[in-house]
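Would you mind keeping the following structure in view while I ask a few things?
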Amino acid sequence: MIERHLSLPALRFGLRGGRFGLMMGVALLLGFVVLGLSPLFVDIAPPAQMDLLARLAGPSDTHPLGTDHLGRDVLSRLIHAVPVSLGAAFATMLAILAIALPWGVIAAVAGGRVDMVMMRLADIIMAFPTLVLALAIIGFMGASLQASIIGIAAAWWPSNARMVRALVLSASQRDFVRAAYLSGASRLRVIVRHILPQVLPPLAVIISLETASVLLALSALSFLGIGAQPPTPEWGAMLNQARPFFSQAPHMLLVPGLAVTAAVLALNLIGEGLRDLLDTREPYEW
Amino acid sequence: AVKQDRYSVDPEKFTFTTRRPAAQIVETAVKPDENFLPAPLLFQDWDYADGTYTVTLREGVTFSDGTPLNADSTIAALKLYDTGKSDFLQIDQDSFEKLGEYQISFASETGSALVIENMTHRGTSLFGPSEDRAANPVGTGPYLLESYDPNQQITVVRNEAYWGDAPYVDQLTFRFIADDNARLLALQNGEIDIIGEVTPQMLLSMPQDGSVVLHESRPIRYVAMMTNINGEAPFDIMQDRQVREALAWAIDRETIASVLYAGRGEPAKGILPGWMFNLGDTHTDGFGYDTAKAADLLEAAGWTLGSDGIREKDGRKLTLRLVAAYPNVSTVKPMPEMLEQMFADVGVDIDLVEVDDSGVYGSTYLDTGEADLYLEFASNNNTDPTYLLNNLFTTTTPWGGYKFFAPGAHVDALLSDGRKAQTRDEVIEKVRAAHRAIVQDDLVAIPILMVPNFALSRPGVDVPMSEYADWIDYGNVTMVNQ
Amino acid sequence: MVALLQVQNLSVGLPFSAPLLDAISFDIAESERVGLVGASGCGKSLTAGTLCGLLRTPLRVLAGSIRLDGTSLTDASPATWRAARGRSVFQIFQSPGTALTPVRRVGTQLAEAAQIAGRDTKAAVSQALDAVALQPDVTGLFPYQLSGGMKQRVLIAMALILRPRLLIADEPTTGLDVLTEHDILTALNTAADETGASVLFISHDLRAVRRIATRTLVMHAGRLVEDADIADLAISKAPAARALATAATALQNPC
Amino acid sequence: MLDIQGLTKTFYGRAWLRDVSLSIAKGEVVGLIGRSGAGKSTLARCLTGLETADTGTITLNSETITPGRGAARQQMQYLWQDPTQSLSPYLTAQNTVLETLNGFGIGPRAQRLKQARSLLATFDLPQDSFTRRTHALSGGQCQRVALARALAAEPQVLILDEPLSSLDLAAQLSTIRLLQDIHRKRATTMLIVSHDLAPLRHLAHRIVVLDDARIVEDLPMSCFATQAQNPLSRAYAQTLQTDQAEAASLSAHRETEPATGGA
Amino acid sequence: MLRFILIRLAVAVPTLLGMSVVAFAIVAIAPGDPVMMELRALGVVPKPEDIAALRAEYGLDQPFLLRYLDWLGRAVQLDLGTSIATGRSVVTEIAMRLPATLSLAVSALIGAVLVSVVFGVCALSRNRGVAACMRGLTILLVSIPSFWLALLFIYLFVLTIGWGRLVSDGTWSDLILPALTLGLGAGASLGRVVYERIRAELSEDHIRLAIAKGLAPRRILISHIAPRIVGPLATAWANTFGALLGGVVIVESIFGWPGLGQLILQAIAQRDFPVIQAYLVFMGLIFFTMSILADIVVFFTDPQLRRTLSDD
């Protein structure tokens, strides 16, 4: 009869698939971090160094992943793109959270008319397809990585604000939250000590899944040529440059494509894995 | 296949936007000859004296609706043109006079001696009277509009009543494929026969096994960097001519030419090709590739090498914003990245902006002067020798010109004198002087390459190329047996 | 005579940790009504769930055997379980509020049971509703339109329709007021009388157990500590059983 | 002392409380019974500000109060129907009580932790459970912590929503003892909501029956069994009698085995 | 029912108005003068009078609010202005492209829904191997960038095997590859939702009762789980449809599919302001229609909601 809120058995006996996935995801992400840091320790050709005689060359000893249309080393570009691509995704997510978190929390806590107005405003932005709104914003700002970060963040935050609001709302309706207020805790303390701890774990899930989507969106923009500008090494931009040569030099297309997929996969695995770990529901088996 | 549907149904905008497809349906008054001098087409003969043009029309030409081309219909067509928003010819509307059944006269609003020369521009094609020029364009050309599927394709069929030599091809279909890559792949895949608007990337990635054939004209398009000589800080570095010259010496044109445009480009000394208008190429000296000289020039200008390999002066880094946009990035790609590398070798840091978007280009960078260098790919696609220089480098155009790279009064004077000069020689004289000022003395345009006009086709197709893309005669494409 | 349900040395728990049910053994004879009592969290619901094959995943049977009506259900295939459920064993759950599917009408859910039992739908449903003193028109209602007591009676009606050999009732009256509790227990007795089913009645309240059963199993911390007549609990050797009896007495007597 | 006048509450067009008036004297313990869904909890929640009544006034010591606001937040404390759900899983038992002491500024700051611990100790909670979080406590222990928290606020009125129904018998018994104890020591005014009359015999001075959103009976406990008029009240009185009869059968053994008495 | 829709529409009005403001403002406050843009694009040498005349024609000399009200007034009469680039009315322009985009988005959605059910249900399979594989595949498909997948498909199916064409003119056979590209990723994301939803239902008490009754898994899925999850799923479908409409931008340009995506890309590049505005408004409208449809599904599948909303 006694239901536990944070069923710890799940954490203790986490034997579900999520565990494995989470570990894979973390390993992949760590792999990217190591890859991104490797230029500090290993001697790697500068990403912009051109070897115009060795253009579009396939994998070889000197260029393990081949060269691009300007004879630049694809591996080096791939590695130097790690901080750019992942960094941009995290920066975007940060920007999204910077708006969505206060927006969602304030709307949920204030309730009533404030909540309604804030959510209507979010609805308005949400009604436009994210990518298109981002395109429009970038169109007016001029193409650059910063512009696409701003564009994506501006078009993306409302859905996250909604999620945050829903989380805070359901967290604040728990009996113990209202009990804490009635037995003397100040509103601020209720938010910080009783609501936030409930919200953080699911938020971690949302953040990693959303960062994955943001990474996809950013690379899509770069692929369209309106995100990161050459010669900045960035996976989406590398794909954009690889496109004309994709029948001649498929490695140019495969390598960054796989990198994007792996990075997005890592974030998704982490998100799903966390969700599985936090999942207190235990489905019946039929 | 061509890149974009520029067809507009707005009658007032129609003239300038139909371009290639409409070129088969309507004709201009004159056409460019080998040396880019106007040659007779609908105008048989013309004469200019004391500000008045007297024109004799070709006889026996009829519009596709049966209206004969005569003094009345020609004046109507020219007036129709001028009622549009594109007052490009600047003909004095009140000056039209019918001198005979096939003879008219008119005058220029601005006293220009080059109105006829400007009539080789496809935008000035003569349309016959028609209620709806979009659905039913009436022209004198070799083809008739068959069907128009907006943004997808335009099909034209042979006009059996054409006054001139009948074209070979019965029917032409122009497909619009915006994506450069898709255009090439579609050609490779046998879905289309010819593609226009060929980019260097397409040439780089073009299969070398003969499954795609390259057609080219004489070099006509220039690739050059316009320099912002009137910018405000932080875009004021290019005001120093020494820096401009240093950059000019830092470009390895030979390498670029051999890598890009399938090796078909040539290192350029200017932005007008020497063969055009018999300009010759002795009036400019050009710049070689000499990094030491470039470094010396920068040193002399006070830019000394910093520890990170980037030059600096008074604590300020030598970072220049290079915008590559006109007419779209894909026409020059990947040249900006190569330039960036070359400038890095002499200690110049480039902040590269690629915008595939003339709108942003104009409003964000060009009109505001918020860049140091503007990489452009264009040509004097007109038989008016002053056309390009006047449009880009004077302050006397109706919109005030692109003030950030106009050298000033002396070039303004040269070009306006040139436009009003009574003899062709005098015109060319002035153009040479202005050209030299622009690309050599004042160096507001750093020339890089001179590039032909390209088309790609499947094997077995011979395309009669023209330097001027709008004048490629697709109707006379021939099949050659191999 | 062989008992209907034989449970031997049944242990249930998470793998690699101390079992939550520890070597439980008991029998229930045909048509017998047995009570199962114990403090909160001692493993009563777990026992009931195990008997229906409704353990949630990481939990599982660690040892022991269950035989129902001659069939062994330990390590049975899903199909065997499916065949046993409903007709051989059926359970009424602790929380009536959420037990019925919210989006389907009560009638449909009862009819579904009739189909499983292979009985004439209309007759069986109306007969069952009558037996638990519900109006026939509840069939047209959705669960949210019923009170807790009515929902619990619908579940008992479902048991009447299914006619299982063994009916498990897991605290069917918790959260309901005493008056409703009284009605439910009456209905449960009616159901058992009509179908001749054996009943395992689970509760922490001896008073409720007394209305259904005499023989009572007492659980404490996952073990079965007593199996006796309800009246004998107060003199049981097991302290847990005695505590229960004492508490029940103390609560019912004015101080 | 606590005076409720004309309280009305409707949800979705249906009235769950209709013109409910009730006054409770200082130190009095009132039992509120009724069938499931009669509106008992709704009444209790209206008194603590968890719901806002549509109409009606509540006065405490002749001052009109808004439940859950201002001083009323401290003066009226509420004990949730499910004690485990009303304790934060993020706080230890002693921090839960400390939060209330801090929140209402009770006692000198430096003394509060000690105060919290001694309060918990008076509720028979073992020392080692003070620093445990609620998920490591049993249901009965949770309820004690919740009670300790409510009393830490030093309220004038304590409202308990079915304090027994989620507990097993042994826990019910000890909770009753505890409440009796509290009342003896502090003479706190209490309103106890229950759906069963039996346990209230040990606690309540007065029984109020709520049915169909109205108060239908209001009698002292001592004469409830004999004087109740309303059919529902009679039915409740009836359960008392059958219970007593059945209890007799159990106590028979008790007399033969006196050693078994415990708790 | 009708009441419900009316209420829903009434609630939507302020949001729709807000949307129109955003659509209008995004363009109005954008830097750059559309008139100069247009003239430049036309290669025209304009006189200042021409510029002024053109500005007046587009009403650009009016204050913002006036322009907005005027635009809105015409918009409700379905007059969204004239495309600067083509001179056609914007409504015609959109109507011309809409069928292609809708057929692409709808077929991708249908495919995605089917795929998602397969993914979702298989991921819950009792066979742990199958379940793990399905979940893995779902996550993988969610993670693959659609544009990259499109290029791989082109490489594989068009260039290597020769099944499709690159230049599509809107015929059905040309739809398969783009729809597949769009649908797979969306299907995988929806599959996650299906999986989550079914899993949530499977831990509900009422499913426990259904199992205890002895119902077969298929019956439980169809008659106890499905009616509970179609509501939330419909909402997810509506959102996915919105996302697909955004996603077509890239896929259309890769496959040369003549739809709205190409239109908007071009319009943004050319600053064809009336088209951008109309497109944004239009997308908002589609989104709204979809979410109203989803709400109707929710309304129909939740008896309690149905009662409460028709009660008062």
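Going in written order, the chains are labelled A, B, C, D and E, and every chain counts its residues from 1.
Following the convention adopted for this analysis, contacts are C-beta pairs under 8 Å (C-beta built on N, C-alpha and C of every residue); 3 or more make two chains touch, one makes a residue touch a chain.
Small disclaimer: the values here were computed from a predicted structure and weren't measured.
Q: Identify the chain pair with more contacting C-beta pairs: C-D or A-E.
A: Most contacts of the two pairs: A-E.
Q: For subunit E, which other chain has the most distant CA centre?
A: D
Q: Using mean CA coordinates as chain centres, what's the gap between subunit B and subunit C in Å?
A: Taking the average C-alpha coordinate of subunit B and of subunit C, the gap between them is 89 Å.
Q: Averaging over Cα atoms per chain, report the distance between subunit D and subunit E in Å.
A: 54
Q: Rounded to a whole Å, what is the gap between the Cα centroids of subunit B and subunit E?
A: Inter-chain centre distance comes to 40 Å.
Q: Got the subunit B residues that touch at least 2 other chains?
A: Touching at least two other chains: 185, 188, 356-357, 359-360, 364.
Q: Residues of subunit A touching 2+ other chains?
A: 1-2, 139-140, 243, 247, 282-286
Q: At which residue positions does subunit E touch at least two other chains?
A: 31-32, 126, 159, 203, 207-208, 211, 253, 265, 268-269, 271
Q: How about subunit B: which of its residues touch subunit A in the complex?
A: Contact set of subunit B toward subunit A: 180-181, 184-185, 188, 201-202, 204-205, 207, 255, 259, 329, 334, 336-338, 340-341, 344, 352-357, 359-360, 364-365.
Q: Sort out for me which residues of subunit C touch subunit A in the complex.
A: Subunit C reaches subunit A through residues 14-15, 17, 40-41, 45, 54, 56-58, 78, 82, 94, 171, 174.
Q: Inside the complex, what are the residues of subunit D that reach subunit A?
A: Those residues of subunit D that touch subunit A are 48-50, 68, 73-74, 77-78, 80, 82, 84-91, 99-104, 135, 138-139, 146, 149-150, 152-153, 166.
Q: Which residues, counting only subunit E, touch subunit B once they are in their complex?
A: Checking each residue of subunit E against subunit B gives 31-33, 36-37, 39-48, 50-51, 54, 82, 85-88, 93, 96-97, 154, 158-159, 165-167, 169-170, 253-256, 258, 262-263, 265-266, 268-271.
Q: What residues of subunit B sit close enough to touch subunit E in their complex?
A: 1, 4-14, 16-17, 85-88, 90, 123, 134, 149-153, 175, 177-179, 182, 185-186, 188-189, 191-192, 356-360, 362-364, 367, 391, 397-399
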